[in-house]
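Structure, as structure tokens:
Labels for the chains are A, B, C and D, by order of writing; each one numbers its residues from 1.
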Amino acid sequence: MGNNENTWILTAQCPSCLGTVDVVTRFLAENSCYIVDIQSFDDRELNLFCIRVQFRPLNDEFNSDVFEQTFQARANKFDMTWSLTEPNHKTRVAIMVSKYDHCLNDLLYRYRTKALPINIAVIISNHPDLEALAEWHGIDYYHLPITAETKPQQEKRVLEVVQQYTCELVVLARYMQVLSADMCSKLSGKAINIHHSLLPGFKGAKPYHQAWDKGVKLVGATAHYVNDDLDEGPIITQGVQAVGHSHYPEDLVAKGQDIESQTLARAIKYHIEKRVFLFGSRTVVFAD
Amino acid sequence: MGNNENTWILTAQCPSCLGTVDVVTRFLAENSCYIVDIQSFDDRELNLFCIRVQFRPLNDEFNSDVFEQTFQARANKFDMTWSLTEPNHKTRVAIMVSKYDHCLNDLLYRYRTKALPINIAVIISNHPDLEALAEWHGIDYYHLPITAETKPQQEKRVLEVVQQYTCELVVLARYMQVLSADMCSKLSGKAINIHHSLLPGFKGAKPYHQAWDKGVKLVGATAHYVNDDLDEGPIITQGVQAVGHSHYPEDLVAKGQDIESQTLARAIKYHIEKRVFLFGSRTVVFAD
Amino acid sequence: MGNNENTWILTAQCPSCLGTVDVVTRFLAENSCYIVDIQSFDDRELNLFCIRVQFRPLNDEFNSDVFEQTFQARANKFDMTWSLTEPNHKTRVAIMVSKYDHCLNDLLYRYRTKALPINIAVIISNHPDLEALAEWHGIDYYHLPITAETKPQQEKRVLEVVQQYTCELVVLARYMQVLSADMCSKLSGKAINIHHSLLPGFKGAKPYHQAWDKGVKLVGATAHYVNDDLDEGPIITQGVQAVGHSHYPEDLVAKGQDIESQTLARAIKYHIEKRVFLFGSRTVVFAD
Amino acid sequence: MGNNENTWILTAQCPSCLGTVDVVTRFLAENSCYIVDIQSFDDRELNLFCIRVQFRPLNDEFNSDVFEQTFQARANKFDMTWSLTEPNHKTRVAIMVSKYDHCLNDLLYRYRTKALPINIAVIISNHPDLEALAEWHGIDYYHLPITAETKPQQEKRVLEVVQQYTCELVVLARYMQVLSADMCSKLSGKAINIHHSLLPGFKGAKPYHQAWDKGVKLVGATAHYVNDDLDEGPIITQGVQAVGHSHYPEDLVAKGQDIESQTLARAIKYHIEKRVFLFGSRTVVFAD
């Protein structure tokens, strides 16, 4: 946002106790860091605290290395895990797709117009179809076909590519393949999937067909982190739209594309702006 | 709606075949009935047709008995089931409640301001709590307590009251009791229930607790006809709202009341305006 | 929609009187045309009627020329203007843009994936920026710069291009130029514009700045037909989204892009599916 | 919310400068006050800061008088205006109505079920119609008729009643009278009005008729603070809903009632939870 240009982001998480806000805000004040935005949450069930602060150093000689070393000493007392994100940092992203290209097209548009400040480093697909689209955007494209037999090797290769391009985030933009438990585990918390239903309703394959079969009047999409149980990872955000009796499964598929694209893009935005915290099987998401 | 005052409603349903619209519209034209609104639907899977027409007789001597007898002969050729609803007809309704009164309060308001043109003939509850509210509105109130042992007798008594008050529709306005299979069967298609989740997600008890447990970012309500499988009856309409990490189950319960009330009222409106058709386990609902 | 494949569309409009529906439906029945969907509306203020029917000829020898000639005789008695649209007809469209490309990008995506069954014949812009995008899609691009002095000539040239490419519809996809009264008049009813506010609020330039200045909590977009009074043409559809105090004008500009794109695409869909009827300064839009 | 029971609320506003957050958070930490929720905002145009903190004293001997006196000294250095709200404080409210009772009915329901923790001290109306409703809730009702001639005296009497009942907030729940400039000025920032349009569109009388006349596809409601320019006070929140060609003005009036009621109730909730800050002609509203 306009007001947030050139701001650093400090996020932290620790067990709830007195002083968790103060240890952060006092340090920032002492270091002439001006707080532009602050949000915190305490979960009464998990007894867990998290905080997100956007700040602007008023002192030109602000040194992030010194900041980090000094703050670590204080954070230790609260058993706090934390991270500092520099202004205009662009997260390196690997996108995985199959043949459906509506989410990919949407992300590429937001990427090339800088609406979404990410760096799409590589696109990986089990099909060759979308290579031209990648090429037009100047992005490397890996066609890694998959069969039941070659799944372990293919997944290994995917992870190698992700590593080779030093990607911080993997986005499953309608990849349409069930990841192995091992793959899920390795991507846990580092990969975002878009599922075309209002999870936990209509898990698994062909959710629009399931929705039509049940005669629901609302359908939606769910962006969630990948964890070891597919379609059950922590939900980041969901979108919804009204449908009616005249919409057959193929109509729902067509109508759902906008909601899927927007929901996925919104989840990525929250993630790269460090608004999302994992709290067990749920997420905390600070509003923008 | 303003345009629809003093209009009759003709609804019909039959197997799909050539001439199903024509048999209705030609008859209306021949009888000087002016069509204000017409909507039809054909289900390609079930090969089933339905139509809803609002019309205004231009002839002062319009006689509905004659209309019905004459139309029946034509409808027979199409194996058509149909009904004619007179202008300003007020459906007689029995409302069943437990202790939660938000849906009841909402319906009573719409009833007394005539926003919902129904005739609330009687209120039935397994608790005495809401009698004063009923009394202020001048509506008879039956307190029919229920236990596991007395369930069969209580349900029998409920049906007697519904019959005694010649109710055409039973509304379960957060009644909070699981109806027996027998009761469901007897009320099938004649009773509307409001469930506080986006069915088929979170069936059964405490859906807001289930929703919180899963960390969903949207919750909702579903109004559906009662059939022999509770929480599985044909869906009429659904409502939804965004929620976040800061909402505990009790917050969802509180936040959900508006959506539940509105969704239930909307379903009743669709039903009494003859907009809803049963198509197997689904519904056709013509927009207003 | 799935059910509507291979259906013809008949639309008609005339003064309200008895038999307007019957003249259409009887003719279709007599000609073995199966009605898949029918919707009508009567405006009580304007005393004006319109109808839209989707039908499927059951007779293989259906001949649209014969249909049109025969129907014309009947339509004449009702002073009815009407049109017949063949299955899978693709409206030829000219898109006009400036430098903002979010609406264009969205339309190009829906065009190349056939989500929007249009034929984008040509793109016209007063800037050269988006030529590469047009080229990648294999669409001719006309860069027609404009200044206060050259406005009459430029508009004349635009109309020539539209005619040369035999476009039935002109889409102003954030063209950012005020059309002359003469141009508006020539495009009246044949051009759709997207305005980035909830018209009639915030007419004219920089509506997001106006919205921020007023501190509104909702912003939106309006797709409307061009008529002789810019920003006042008949509204087809509108979209809306919530905003807050933290959104500065530039944030609203960024946030508004999705709503603008979707609202414009929806309006085009309604238009090409013949769902929109002009009723004076307002529109009738039959739901899908 | 569940997590927020028994929490104190500290709100503060001052010119933006380094240390505005720290002066609050450090004081709370030093006084063993546990922060449950914190949100801040800096307006770059007005160079104005505000903060809202919910906290729970961990020390049983927490004394708010001591807290206030001690904090004042620190706040002075920042030219900070601030206020402390005790747990479970119920704002005393005067409701003004005319004959429309949908907003009143909604507020009374939320009041008697404690969904909205307010204390409705008195209801004032220029008509006698709603006295029975007030009486059933045990709330004093003042029927203060108004004519062009008696307006000054009537408004004087209204203010006397508001003062007599020590009301902190006046809610204009469809009062339908234009307040005098003097009255507006006296109620500035202390009164919330509900206007049945998406202000600044359709100011003044009969907004639904204006909306119909323009053929808009969305209508809404705006809750705003009263200031000296009627229909122009700072907006707190807005609601919206889709409408279509079949809705005549009287339909819009009927359809709008739900949105008006909910929007007004939401604005009151934000106000009493101290989420709203006046920033010139706009508001800052921290999300719940």
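As a convention for this text, a residue touches a chain if its C-beta (ideal position, glycine included) is under 8 Å from a C-beta of that chain, and two chains touch if they have at least 3 such contacts.
The structure displayed is predicted, hence computed values, not measured ones.
More inter-chain C-beta contacts link the pair B-C than the other of B-D and B-C.
On residue numbers, the A-D interface is repeated by B-C, which shares over half of its contact pairs, out of the options C-D, A-C or B-C.
Mean C-alpha positions place chain B and chain C at a centre distance of 36 Å.
We define each chain's centre as the mean of its Cα atoms; on that basis chain A and chain B are separated by 41 Å. Residue numbers of chain A whose C-beta contacts span two or more other chains: 2-3, 37, 41, 44, 246, 248, 287. Interface residues of chain C facing chain A in the complex, by the touch rule stated above, are 1-3, 37, 101-102, 105-106, 109, 113, 115, 136, 246-251, 254, 257-258, 262, 288. Contact residues of chain D toward chain A in the complex are 2-3, 18-22, 25-26, 28-29, 32, 34-42, 44, 58, 287. On the chain B side of its complex with chain A, the touching residues are 41, 43-44, 198-201, 214-218, 220, 234-238, 240, 244-246, 248, 279, 281-285, 287.
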